[in-house]
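Each of the next two complexes has chain A plus one other chain: chain B in the first, chain C in the second.
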Partner chain A sequence: MSALVLLSVLGVVLLYLGLFSGRGILAPVGILGLLAALVLFAADWHLESTLFGGLVIFDTYARSFSLVLVVVTVLLFLFGMDYYAKVRENVAEHYALMVFSLVGGVLICSFTNLVMLFLGIEILSIPLYILAGGKRDSFRSGEAAFKYFLQGAFASGFLLMGLALIYGATASFDLAAIEAWSAVTANGGNMLFLLGLFLTLAGLAFKVAAVPFHFWSPDVYEGAPTLITAFMSTVVKTAAFAAFYRFIANIQLPGAVENMLVVMTLFTLFLGNIVALRQTQFKRLMAYSSIAHTGFLLLAFLGTDGRTPDVLFYYLGTYALATVGLFIVLTLAKRAALGDENIRIFRGLFRRDPWIAIAAMLMLLSLAGIPLTAGFVAKYRVFVLGIANGFIWTTLFAVLMALVGIYYYILVIREAFTPQDQESKELAVAPINWLVISLCGAGVVALGVWPGLLRI
Partner chain B sequence: MIAALLLLIPCISALALVILRPAQARPIALVSTLASLAVVVFAWISYTGGMVLHYDLDWMNAWGLRFVVGYDGVGLLMLILTAVVFPFIIGAGYGQQHDRPAIFNGLLLFTQTFLFGVFLAQNALLFYIFYELTLIPVFFVLLYWGGENRRNITVRFFIYTLLGGLSLLFGLVYLLIQSGGNGDFTALQALNIPGGTQVWLFWILFLAFAIKLPIFPFHSWQPETYYMAPLQGTMVLGAVMLKMGLFGVYKIVFPIVPLGVEHWQSTVILLALIGAVYAGIIAFRQSDFKRLVAFSSLSHVGVLCAGLFAWNTYGISGSLYQAFAHAILVVGMLYLVGAMQERVGSTDMNAMGGLKSSMPRLAALFLLVLVNAVALPLTQSFVGEWLMFAGLWQVDGWLTLLAVSTIVLGAVYMLYAYQRVMLGPDRANQQLPDATTRDHLYLVPLIAVTLILGVHPGPILELVDAPVLQLLSSLSVN
Partner chain C sequence: MEQGIITAIRTVPLDHYVLLSFLLFSIGVAGVVFRRNTIIILMCVELMLNSVNLLLTAFSAYHSDPRAQVFVFFIMLVAAAEVTVGLSILVMMKRNVDSVDVNQLNRLKG
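== the complex of A and B ==
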């Protein structure tokens, strides 16, 4: 598939550009390359092209998720123009590593072979270990990178072990073969297969930060540079979920594994939301709320029917849109507050810049799931799936947890619309940032009113 | 056309106010609400009965959401109520000093848009969306223009109300799946849900409205919020928003889970009346005028809810009729609170007293508003209360006695308040200005509505009777 090649080449080109010319053209070149990839992804929409001898297949599912990944990366690169404006060194490496990570993301959206799943996850993750430590002189950033690497390595180990066990049981890495095998020996007591599934799911759960594999996320979110945090909570999360669903979609899950998913959903919903209540640092709040959203997405996994991929796609796309915008607003407010990340820095945002405050409000309302924003439609669809597939009590619990979620998002909105006590620095909004924030803010409303715009 | 106008007039004016921020924000808002009123009056005149559907458009059909708007008699009554009350709410701003009046009035108009949406919606999800949306502008009104301790009280109000909202959403999703993904009220009402399910589903659905009204024991957000809110915010909350609770019970709870209603009827009536008596007693002990109005509203709402759950023609019609009377009453009382605050400088009744000597006209107006509050014959409230008691009587004599006792309590605390504010030795001991032209312009129409509809309740009751009868007969068939 030409888009995949293009993206890989783009990464290399960006690296070389960093050697030879100024930083000014990095982001434009990157964006142009990504847009070209976008065109290539969209060009032959209905063709199902296989690659690498059938290890990868670009079907509609893969193409849709790849499109979202690329679009969100474009938004982040636009943000990067301003974000990296004052950074002296290693800017090219950052862009290039993000593109490489994106390649991994595209691969795990489209794998049909477990070997490719593992390779994709590694391609996705290894650049992230470096990026998380992107601020070289910052202690926290180094800590984030180290923690992420250590735990990520463990998760990869789990995943690999799980894949090996599945191979041991089914004698194949091919997804279709495994599905066929699981259908024949439905709910069979094959311990090898069961254990393999457990370990594989644990590895994937680590990537989507589901409880109890979430411990890395708050620290890494907080320590990593904001742009990278935004990248992790949008692109990486979307890709990981796409892979997760692709893996379990057609496998006949044994009862024990299904129970494990239910328990994981409940704990993820509970812990993510409740712990987020106590957060005062915005990035940690976003980290825990990200865990909470993982819980809602897992609920969509439980009730798997024909509508699930569409629901996941919509949820992840709109979540990414709101999250990117909010992280940009955070960066702006953080600069005005001289590096503070407490949610207090949003105080008086409405006075300082009404439009940014309103856009931020829309994005927060969307994350909270208030009607007429995309977040509401997303949550609503998840609830419908949950109840339609018989998980009434789990859904009721999720509804309660959604209320808790609304509470901590509202607290941030409250800060933005409370007049501040003393004057603080003006908010300097670069036009490019203004544009991205406006796009995200308008996007969540538009997608909330016309949900049909974003579907597989 | 009517539905489109009702949704667009306030929405466009609100957008214009918020974006352009003209200096003359309040007159523009007033004109907008009067235009909406004209549209509603036209709708009333041309209404011939039955269900009037205006739009039936696809939106998200696969997920049960369709844009279906229209109204029956009860819906029209609620539209009339909203349209009549809002010019007064905007007009009350003339006595108030506001930071950023354009945005404030814009938010009020957004609230009106969404309220119209709630009363027009004929699709459960559309109803839910508008129902939740009404909270957003009110949230900002309270947060930005509220009184002391507004940050915490506003968030508590918001979360408390959303708790009910999300419970309602859960119930609606459950119903939607039973109906095969059709979210129109007609489809949901045709469902035959097993009795056992209805017993728990009743509370899932009713919780939202119980909190919105609020009835005991879901009321703890109400007094503080009413007290802290800016005057016009309290008017919106007390006069119109809580009517969404009554409307929701009529529209969703009664037709969809009738067996659940039958099961819990006496419990709800008892809770509502306990709340009514309890709030009445507390109101008596208040020394602050605005708090007193808040608790009196809480007491009235208890009776409204009990009347509704009497579950017969008298009770339901009376309750819906009284909803209108209550809206007019709340606006009138709160305007008086504002007028007093303007003159005395606080809403503390201990700082007042003997004001009648310096402001006889205002005292007279006060008394005229007050007779409605104590449901004196020939006022609007009398009609409503009488119907509700007649309805309750068919359920249980003792409960009726409890309900009637709230009237006595109401008379006591209202007259006691009047005494403390207007009568007695002149403690303020200064010449305060009497009722101005503005006060007359404001209060006289309100009093006129009260008296006219008290003597001649026919037009409103006609609107309500047919749909209520139809509802009850359709239930007895099932």
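== the complex of A and C ==
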């Protein structure tokens, strides 16, 4: 697949550009490269191409998710033009590492072999450990990097142990061979296989920040630079979910594992939404909101049928759109408030810039799942899927939690539309940021009204 | 794979390899959870990965299948990359707080 090669080369090119020329052309070159990769992904749409001797297969599923990953990265690079405008050093490395991480994301969307799953997850994660510590002299950024690294390495240990045990039981890393094996064997009885599945799912659950493997997420979201936080909660989350689904769709899950997934879903929904209620820092709020959304997405995993990929795709795409926009709004407000990240900084946003406030409101409403926005359609589809597959009580609980969730999004909206007590600094909106925010804000409404636009 | 080595590996029952790997893995996990010195925690993570390597090699010999051994090489590679990044982050942290104690990492809370 030439797109994969192109992306890898793009990362190296960006690194060299950082050595030899100005910072100004980094983002444009990166965006051009990403757009070229986009064209290559879309070029032979319904063709299935295999790579690395069958370790990776680019089918429609993989192509669709790769497209979303690349598009979101383009949006983030556009934001990066402004975000890195005042940064003096290591800008090229930031862009290059994001591209490398993206390559890992593309790989885990398309793996057919557990070896590739592991390698893809590591290629996705290792650049992120560095990126989370992107502000070298900031203690919080360093702490985020270290926590992420430590817990990430710990989780990959579990993932690896799981993969090794699955291999021990089935004598193959190939997903098709494992499926064939589990079809002929009564797999529920095989201890090695069962334990392997548990550990592998734990490793994957860490990547998507499902309870009880979520501890890294609030701290890392808060400490990492905002652009990287946005990258983690969109590109990385999308890729991890694509990989998660690819894994469980290809393996007949034994009953015990399915029960574990149900319990994980319930806890994720509960903890994400309830703890988010008492957050005052916007980034932590977004972290818990991200955990809550993980819960809704896990609900779509419970009983998988033919519709699940579509539901996941739509949910992740619209979630990424709203999240990118909100993190840009946060950066703008944070600058005006001299680095504060409390949700108070949004106070008076409507007075200062009505359009930005309205766009932010649309994105927050989409995350909350209010009708006419994309988030509503996404949640609705997940609930329909849950009920259709017989998980009625779990779905009811999810609906209840979705109602709770509306509260903390509305809280932020209320801040934005409350007039300010004293005059504060003017909101400086660069044209490029304005463009991306408008795109995201319009996007969540457009996709909510015409949900058919975004499907596999 | 050399036939002699396979026979040598197979003189020990597979269960013993599995148990040994689990033991090493658990030691690694316990180290990550209970030790406070970050360098030792890094070593324990390595121990976890290496216990998986041992397990894969044993399975590979018992299944007469070289693919798991190739995977072991990949794991070593990834472990090396991971430790490189980890140690750099450690150096950064040492510069910031002049300590390698994980309890120093407590400013992000809420």
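Going forward, the second predicted complex is superposed on the first by the 454 of 456 C-alpha atoms of A that agree within 3 Å, B and C clash if a C-alpha of one lies under 4 Å from a C-alpha of the other, contacts with A are read in each partner's own complex, and residues count from 1 in each chain.
Basically, contacts are C-beta pairs under 8 Å (C-beta built on N, C-alpha and C of every residue); 3 or more make two chains touch, one makes a residue touch a chain.
What you see is a predicted model, and the numbers here were worked out from it, not measured in a lab.
J.: Based on the superposition on chain A, does the combination of chain B and chain C result in a clash or a fit?
T.: Fit: chain B and chain C sit side by side once superposed on chain A.
J.: Return the chain, chain B or chain C, that is in touch with more residues of chain A.
T.: Ranking chain B and chain C by residues of chain A touched puts C first.
J.: Looking at the overlay, does A:153 come into contact with chain B only (first), chain C only (second), both, or neither?
T.: second
J.: Now for A:402: first (chain B), second (chain C), both, or neither, which partner does it touch?
T.: first
J.: Looking at A:340, would you say it contacts chain B, chain C, both, or neither? Reply first, second, both or neither.
T.: neither
J.: For the overlay on chain A, what angle lies at chain A between chain B and chain C, C-alpha centres, nearest 10°?
T.: The three centres form an angle at chain A of 140 degrees.
J.: Would you sort A:387 into first (chain B), second (chain C), both or neither based on which partner it touches?
T.: first
J.: Can you give the closest approach of chain B to chain C, taken over C-alpha atoms and in whole Å, for the superposition?
T.: Least C-alpha distance: 23 Å.
J.: On chain A, which stretch or stretches are contacted by chain B in one complex as well as by chain C in the other?
T.: Looking at chain A, the two contact sets are disjoint.
J.: Could you list, by residue number, the parts of chain C that touch chain A in their complex?
T.: Its residues touching chain A are 18, 21, 25, 28-29, 32, 38, 41-42, 45, 48-49, 51-52, 55-56, 59, 63, 65, 67-68, 70-71, 74-75, 78, 81-82, 85-86, 88-90, 92-93, 96-97, 102, 105, 107-110.
J.: With touch defined as at the start, can you tell me which chain B residues reach chain A in the complex?
T.: Per the touch definition, chain B meets chain A at residues 60, 63-64, 125, 128-130, 132-133, 136, 139-140, 143-144, 151, 154-155, 158-159, 162-163, 166-167, 169-170, 173-174, 176-177.
J.: How about chain A: which of its residues touch chain B in the complex?
T.: 365, 370-372, 376-377, 380-381, 383-384, 387-388, 392, 395-396, 399-400, 402-403, 406-407, 410-411, 414, 417-418, 451-452
J.: So in the complex, the part of chain A that touches chain C is made up of which residues?
T.: So the residues of chain A touching chain C come out as 115, 118-119, 122, 126, 129-130, 133, 136-137, 139-140, 142-147, 149-150, 153-154, 156-157, 160-161, 164-165, 167-168, 171-173, 192, 218-219, 222-223, 279-281, 284.
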